[in-house]
Amino acid sequence: MKNNKTGMTLIVKTITRLTVGLILLYGIYIVLHGHISPGGGFAGGVIIALSFIHLMLAFGRETALKKLSQTAASVLESLGALMFLAIALLGFLGGYLFFNFFLHKGKPFDLFSAGIIPLCNIAISLKVGAGLFAIFAALILFKGSGKEE
Amino acid sequence: MELQLLLLFMIFAAVVAVEVEDLLSSVIAVGAVGLGLSLVFLILKAPDLAITQLVVEILCLIILIRATIKKDLPLLRDGRWLFNTTSTLVFIALFLIFAYFALKELPGFGQPIMRVAKEYINNGLEKTGATNIVASIILDFRGYDTLGEATILFTAVMGVLAVIRSVGRIKDEK
Amino acid sequence: MLPFFVIIPLGSAFLISLLGKKIRKFGDILANLGTLSLLALSLYSTKLVLAHKILVYKVGGWMPPIGICMVLDGLASFMLVTVNLVSFAIALYSVSYMQKYTDKYRFYTLFMLMLAGMNGIIITGDLFNLFVFLEIASIASYALVAFGTEAEELEASFKYAIMGSVASSFVLLGIALLYSYTSTLNMADISLVLAQKGTGLMVSFVAVLFLMGFGLKAALVPFHAWLPDAHPSAPAPISAMLSGVLIKVLGVYAIARIFFNIIGINNISLSILMFLGVVSMLIGVILALAQWDVKRLLAYHSISQIGYVILGIGLGTPLGILGGVFHLFNHSVFKSLLFLNSGALDYALGTRDLQDMGGLREKMPITANTNLIASMSIAGIPPFNGFWSKLLIILACIQSGRIIYAICAVVASILTLASFMKVQKYAFFGKLKERWQDIKEIPAFMRLSMIVLAIICVMGGLLIIPLFKPFLQSAVDVLLAGKGYKDAVFGAIR
Amino acid sequence: MSEYILCLVLFCIGLYCVLRKRNIIKIIIGLGIIEYAVNLFFVLIGYRTHGRAPILAKDQQILNMVDPLPQALVLTSIVIGLAVTALIVAIAIRLYEKYGTFDITKINRLKG
């Protein structure tokens, strides 16, 4: 990442480079442990989106959009939504919409337990992260092309 | 007791947010309300909500600041200011009085009935396998609600992308 | 089969947003197929309801107070038919009309999401779930009102969004209070607990909150300020959708369901409903008289006609409810037809001001004739459907001894007639102006959908003959049963 | 009881802001305060004196748990609030571009 004129000062950029990976990792942790500890798909998804927004604020919009373009975000969002719907529809295997179709629910407190809940968490986090990033990118990009600046 | 203090702090911050003249300060004050709310959730034993409220608050603040920065603030009062404000205040006062008497019929603070909720607490772990009962409710018992919630966010994203288009209509040739 | 009322529109919305940009016409095809299949499903559902009375679907296989359930009864299936019929006609119309706007696939996505929200509200048996789907439909409609992104549209959308969100907060507060009081969210279960605990000041407070919240969504008169701005600003198909079905599902259906089936109706709430209905009826039509913008005029008439529906339902007698429910169906059909006509005028001429028009009958015969039919329906001229439902409401008023309300209804009807005579005179009769010499009739898809709706307008009166009457009667029975709703739901579960 | 009343006072502050303020951003802020108040109310009615968070721990029996259902509902409602705020802010930004002001009284091309 070159230190061109976009974005904030060198200090902010350096700190961002160190922390943004950690924030992303923390978001993923929260998502994956949603069924055994506080958090879950929604909070984790927002944290993931925040990590990209952090990147965008510090380095300017080009750098962040290179990592995750706006169209890619839209596609990811639709995919997340479809995945969630697909999980719901798979419940028809057991006879009902949203049926928890894992007969064996796994040992409590394990990462791989609780049937559909972790899968739903992942789908939601994908959707929320990509969606919020898309909203934010749209607002920022619009500001850039607006008349008053 | 700390609960009441925090609530009073939130009310104070909300009044500041409503009445202060600088827009940026106003946005920051509403951020204080949101963070206070996050703490209140923690006191009320809702860690899931505290985390979510915290991150959502940060996101909201960023969005609102992007919207307000470098914008003007008109400060005007029209002729019927007094009348309108009085009528609004009277309406609010009536609302609060009505609410006060109605709230007396609720079960007291700290003693919910938990008619349905008992079922979730007692059987949640066996039936869903999740140790976080809130997660088991939102994604299994009431998963359909969460489908709606995800759809709302999707709708909002689509709405923002639709509203933000710079050209809405294809102009006629004439 | 009940979940498909929500899954089909949701799935098609997601798919359109994913693929609509890359594949041309994908949105057109999928939206029309989706609404067509929904129409077929809802027609099938009426048959099911006639056979089984009530169907309950347990989402996730959980028993209702624990999980969410979907309930299909007479009222729900009646509303589903209304919504999906109108939305199919509108999807057909949009194929050509929305060519004037950019990013057509976004339009279809939001349209299908709004449809999903409305179907979800109708089919649900859970109070919080109702709120969630209410928000889906509302948010999609806020965005659709601003779809043209002109200054006026954004302004209307902003007002609508603010007022709608405040209304939603009232509804949510009401749900919170009701949850604390009864400790359950299932509608039938709430009704059961309320029957055991008795109703006090708490329940009236909740009723007031719901009346404010849903009344704002239905644009009853003290809360109507957003409607004349928002409905005309949207693209014509969306105006038709908003006026035709959205205010009825979000407002009238929710009020009827909650007041009749959950909280339980009494004389005070009935008279409040009737009073609000009559006031909306008169004020809406009086404000409409002075308008020259076609769509704005139609928007004021929506307020007035919603007043008729609420008056009919608020009477609480079998005849009154029958009239109200029947008028709800008729109004959806002819009001969407009128909005589609105004969209056709806008499409061909580029203006909505009546004073600029004139003599368009020879140039646009189909628009003129369908508009004539719809105008006569809304004004209550005998062979058309609007006449029968208004007649039923007025008869019901007289029957229950409320002569003043009956007179108000007649007066409002006459004023409506006057207002639509004006539209006919200025738009379609008279001399053709120079500047409109070379206009053409609108494209085939738009004509087709207008003709379909016009045929329903003409035939709609047949719904009260004994052959078709069970369709309306099953909806009326649900409202008349009142708190019998809970027994029906719990009976169907076991 | 006093908690409920304080919460409703917060609700009324938001309501006052929406009804009486003329600046678009202030109206959005008022809407946000209303949403906070309703969410808070939901959690308050689910609280149980000396209750525990509704998350099971590995090797201890947890009694006296708070009501988890309102928490699940509030999670949904927070998301709804965020979605509405984002959409309204987008509309407000467009309005500012079109009218050059945040003053609601100057944004009146539609006759009332």
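For clarity, chains are labelled A, B, C and D in written order, and residue numbers in each chain start from 1.
Assume contacts are C-beta pairs under 8 Å (C-beta built on N, C-alpha and C of every residue); 3 or more make two chains touch, one makes a residue touch a chain.
Just so it is clear, the structure is predicted and the values come from calculations on it, not from any experiment.
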| item | value |
| --- | --- |
| Longest centre-to-centre distance from chain B, chain (CA-based) | C |
| Selected interface, A-C versus B-D, where C-beta contact pairs are more numerous | B-D |
| Inter-centroid spacing, chain D versus chain B (mean Cα positions, whole Å) | 2 |
| Centre distance in Å when chain A and chain C are each reduced to the mean of their C-alpha atoms | 37 |
| Centre distance in Å when chain C and chain D are each reduced to the mean of their C-alpha atoms | 28 |
| Chain centre separation in whole Å, for chain D relative to chain A (CA means) | 23 |
| Chain D residues counted as touching two or more neighbouring chains | 15, 45, 53, 55-56, 69, 73, 75-76, 79-80, 83-84, 86-87, 89-94, 96 |
| Sites on chain A at which at least two other chains make contact | 37-38, 40, 42, 74, 78, 81, 85, 88, 97-98, 100, 108-109, 132, 135, 138-139, 142-143 |
| Touching two or more other chains - residues of chain B | 47-48, 52, 56, 59, 63, 67, 99, 103-104, 106, 112, 114, 116-117, 120, 125, 131-132, 134, 138, 140, 142-149, 151-156, 159-161, 163-164, 166 |
| Chain-level touch network, classified as line, ring, star, complete or other | complete |
| In the complex with chain C, residue positions of chain A that touch it | 74-75, 78-79, 81-82, 85, 88-89, 91, 94-100 |
| For the chain C and chain A complex, residues of the former touching the latter | 3, 7, 10-11, 14-15, 17-18, 57-61 |
| Partner chain B, residues of chain C touching it in the complex | 10, 13-14, 17, 59-60, 62, 65-68, 99-103, 106-107, 109-110, 113, 116, 120, 128-129, 132-133, 135-136, 139-140, 142-144, 146-150, 153-154, 157, 177, 180-185, 189, 193, 200-202, 204-206, 208, 350 |
| Chain C residues touching chain D - in the complex, by the definition given at the top | 128, 132, 135, 139, 142-143, 146, 149-152, 154-158, 161-162, 165-166, 168-169, 172-173, 176, 179-180, 185, 225, 229, 233 |
| Chain A residues touching chain D - in the complex, by the definition given at the top | 37-38, 40, 42, 108-109, 132, 135, 138-139, 142-143, 146-148 |
